[in-house]
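Below you'll find the structures, each written out as structure tokens.
Note that chain A is present in both complexes that follow, paired respectively with chain B and with chain C.
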Partner chain A sequence: MKEKEEVVGLRGMMKRFPVGNGFFTALDQIDLSINRGEFLGLVGPSGSGKTTLLNIIGTLDIPSEGEAFVLNRSVSSLTPKESAELRNKSIGFIFQSYNLLPVYTVYENIEFALLLQKNSKEERHKAVTDALEWVGLADKAQSRPSQLSGGESQRVAIARAMVKRPAIVLADEPSANLDAKNSHTILQTMRRLNEELNTTFIFATHDEKVMQYLKRIIYLEDGKVEKDSVI
Partner chain B sequence: MHRFLWKGIIRDRSRSLLPVLVVTIGVFAVVFSYGYIQGMLDNMIRTTADFQTGHLKVVTRAYLENEEQKPNDLALLGVDTLQKKLTEEFPEVEWTPRIFFGGLLDIPDSNGETKAQGPVSGTAYDLLSPGSHEARRIGLQQSLVAGHVIQQSNEIIISYDFADRYQVRPGDTVTFFGSTMYGSMSFANYTVAGIVRFGIGQLDRGAVILDISDARLLLDMDNATGELFGFLPGGLYNKEQAEHVKESFNRQYTDVTDEYAPVMVQLADQDFMGQMLAYMDIVSLAMVILLVFALAIVLWNAGILSGIRRYNEFGVRLAMGEEKKHIYRTLLVESLFIGIIGSAIGTALGISLCYYLQDHGIDYSAMMDSVNMMIDPVIHARVTPELYFIGFIPGVLSMLIGSALAGTAVYKRNTAMLFKELD
Partner chain C sequence: MLIRTAIKNILGAGRRTWLNVAVLSFVFVLMVAYNGIFDSFMKDALTSAHEWDTGYGQLWSEHYDPYDVFTLQDAHEPVPEALNQSIIDQSITPVLLSQATAYQNGNMQNILLRGIDPEQQILKIPSHQLAGDETGTIKAVIGKRMANTLKARPGDNVLIRWRDRHGAFDAREIVIASVFDSNTATIDAGQVWISLDNLRQMTQMTGEATYFVLSKQSRIKQDIGTWVYKDMDFLLSDLYLMAQSSRIESVIIFTILLVVALLSVFDTQTLSIFRRQKEIGTYVALGMTPQRVTRLFTLEGTSYSILAILAGFIWGAPFLYWFSKTGLKLPESYSEMGLGMRDAIYPVYQPASILTSIILIVALSMLISYIPARKII
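Now for the complex of A and B:
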């Protein structure tokens, strides 16, 4: 049995945004622990705080109060350089709109994620080839994003997020722009990678199709954890 | 990373085409303008030197003080000796006497009575001495529209406009009235050898040309000359070389107690030429500054537009862990690539056109009839070593400045908004 290793720890965490003369509380007293290898979803209606929580876990934002630890690093104490480095090495992002770089090929889009890590060309080639095989797009390596279907584009985005073998992958509504068949394909892919590579996947979603695959669901409502259920 | 940036520039035309075009046009404009201005300046220098000033000239101190009056009563005497000394001391310089004079030219009718009279300004060149380059220097043969060049004594060449107005033809006899260097009246008959048209308004309106020996007889200037011109090797003016010769001569010959002592001046010291040369330097500098400023503003705007278009790309790169300063640096590297491409194309086009116009020139004769400048109406460009960097460096610089200004928007990006912006 694998030993539990906390990759995200949130302790009494709050996030407020200034609105007019007051504040809007987006996250209110969040206490959560997420372990390596989890496949979990943050579920809730719009405005419940899902994306704000992803931002903080992704070191794109900091909490207003409380503590947020990502891979044992306090998010609040990270300098911009340190948070960029953490994202670069340990966190992958998957967006609803794929956001592939249109001027580069599939291969180059995936390779781009490795460029900042100063790996050798051979190392990059091996990693990109592996990533393309994980998502079943080895034959599309030289295609441009404009030549891909939505499902294929999202699989490239998954490969781009996974190529550096991050500890955590954050996915914001990854299936929102896909039909049912493609949604299932990419979710199966991510689930497989989660199991094979022990990568933690954290989704922000209210898509029933995604929820079918989750091992743990955290329900958020008005910035608070309403329910945390392991399936 | 640089390979990636390069691919992006090549593949994404909207990223590179507009900036490359802007830089190319700007650099081309500067390179061509500079080359053409240099050609025009060369033209003015050459024409002024050939006809009016020489690259160097020796006159008496008194003559120099009243130079605009061309006072032959203050002429240099003992010119043969002086010329010989100059040739010995400065053998690289070709020395030749010139006399400028004025008077009336009387045109007789078939009965020998005065048909018309007109004022003329004359120049005497050493046209008949063996080995003299004066006829070639002023392009006498090419400027002839009728008759022939002076081949013997008592021949005169008349400018086209004057000949046309008074119906003078080659072979006619004309009488010149003037005064000697001692103030006595002088006159002499000459046979019109030829009619010339230099294409320079100032020379074509009322100029006559004599051989120096005839002028000396006419003006009673035996072994004298108003001015002793010096021309540098190849007929090419070189300010530093001319200055060196001038200073060397003046150190040796200047005598402040004798107003008839010879003094040497060089082209840049004369008339408006010094100011003109300085003015052209300022114009060139202003042109370069204007290029950098104008292009930087245009490219700044192009950079902002490009930044808007690539908003998602920068967002993804920030999310993937690229630092803002790294993205900013890559924008500068991209702009360096684009600046180099645009500047290289602009410089190549500008130099190519300058090379073409260096050979062919543009003829402005129709526009220059009334122009009082010593300038050949066919103006050529001139390719100089400066052309290779005068536009190139400012082109690259303006692209960098434009991108540096536009790229600061990256620093204003709020990473906390990335998920919302990228969905």
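Now for the complex of A and C:
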């Protein structure tokens, strides 16, 4: 049995946004622990705080109160450079609308994160080729994003998130723009990568199809954890 | 890596990029062409001034003021002994001035008689044409502007009337020995050159001069007795003043052109940052710091100017070469401005001037790109 290693720890975390003369509480007293290799979803209606929570875990935002630890680093105390480095090396992102860079080929989109890491050309080539194999798009390496279908684009986004072998992958509504068949394909791909590479996947979703694949579901409502169930 | 990304992004932006590049490259080539004209004009004017008018410095009679005609009556002094050897060596040459009136074809024209040594070789005035007055006629050389005004041609006689040093009038016919073509109007328009000896005799100013023109070899750099030394900065001050005023005009014109061109870059950058919010988010998510994204967008804006300069070299080089060969034809009126100007200006492109234009365009586009990009942080 694998030893549990916490990759995300949230302790009494709150997030407020200024609205007019007051504040809107997006996350309220969140206490969570997420371990390496989990395949979990943050589930809830729009405005429940899923994306805000994902942004904090992704070090794109900081909590207003409480503590958020990602890979044993306090998110609040990271400098912009440190948080960028943490994202670059250890956190992969998958977006609802793929967010592929339109002027790059599929290969170059996947390679981009490795360029930031200043890896050698050979290392980059091996890693990108592997990533393309994982998502089954080796034949599309030189295509432009505009030449891909939605499902293919999202598979490229998965490859881009996985190419650096991150500890955590954050996926915000990854199946929202996909039909059922493509949704299942990308979820199966992610599940396989989760098992093969022991990468932690955290989803923000309210898609039933996604929920079928999750091993743990955290229900959020009005910024609070309503239910945390392991399946 | 940022450079590669920036170039890929702006090339990927298509028409908008090429519009910016076209506008900036047009301004760049225009700047180079204008500076070429200006540099060529200055070079011509300086060369002309040295060769035809100022030499490499002058010694003036203490009463001489070329801007005050009333001083001319007293602006003559005996040549000091200290200068005799320099005159023999041809390192300086005396010039005597006297006001006179020319009568030709029923017209009367105020002129300035300039007495010059026919043997002198410091100025390009064809003074050798003044040598040999055996027949008793006074030979004169005039420039094409003066010839135009007097409607006189070589061989024509022109009646002139002058006053000697005591104020007594005298008149006599002179014969036009030659008409010279000079870019320098100050030694041409209203000027009649005769031999120094003749003028001295006519005005009873034996052994006197109004000023001396110094050759390049002359070592005189200070006043000699009552003769006041005038250096090149002083003698060319009008030219420098005009150059400065032209520079200011060109700065205003180029500021307007650059503002228009850079507004287009600014607009593109602002719109680009607004439209590419998702892309900015992706860069940050992939591990770029916001500062690095700012640098990327600044670099993209700067790349427009670099591409514009490359484009400017590609289409501008043949155009500038052609322009340097055909030149810019000047209107007739320009030749009356008093400065050395040819009928056409042939641009000369100085590397320093091209480099300055490049640096200016790149630096300004970098600044104008940074202004909207800094808001990414």
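In the analysis below, the second predicted complex is superposed on the first by the 231 of 231 C-alpha atoms of A that agree within 3 Å, B and C clash if a C-alpha of one lies under 4 Å from a C-alpha of the other, contacts with A are read in each partner's own complex, and residues count from 1 in each chain.
Here is the rule we go by: contacts are C-beta pairs under 8 Å (C-beta built on N, C-alpha and C of every residue); 3 or more make two chains touch, one makes a residue touch a chain.
Because the structure is a prediction, the values reported are computed rather than measured.
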Fit or clash - chain C, chain B, common chain A: clash
When both partners are placed on the shared chain, which of chain B and chain C touches more of chain A: B
A:Gln96 touches, of chain B and chain C: first, second, both or neither? first
Touched partner set for A:Arg87, first chain B, second chain C, both or neither: both
Partner chain in contact with A:Pro18 - chain B first, chain C second, else both or neither: neither
Which superposed partner A:Leu116 touches (first chain B, second chain C, both, neither): both
Partner chain(s) touched by A:Asp172 [first = chain B, second = chain C, both, neither]: first
Touching partner for A:Leu54 - first (chain B), second (chain C), both, neither: first
Interface residues of chain A shared between complexes with chain B and chain C: 58, 60, 80-81, 84-85, 87-89, 93, 95, 97, 99, 101-104, 112-113, 115-116, 160
Touching residues (chain side chain B, partner chain A) in the complex: 1, 4, 7-8, 11-12, 15, 312-313, 315-324, 326, 415-416, 418-420, 422-423
Of all residues in chain A, those that touch chain C in their complex: 58, 60, 80-81, 84-85, 87-89, 93, 95, 97, 99, 101-104, 112-113, 115-117, 160
List of chain C residues in touch with chain A within their complex: 1, 8-9, 11-13, 278-279, 281-282, 284-292
Interfacial residue positions of chain A with respect to chain B in the complex: 51, 54-55, 58, 60-61, 80-81, 84-89, 91, 93, 95-97, 99, 101-104, 108, 112-113, 115-116, 160, 172-173, 176, 204
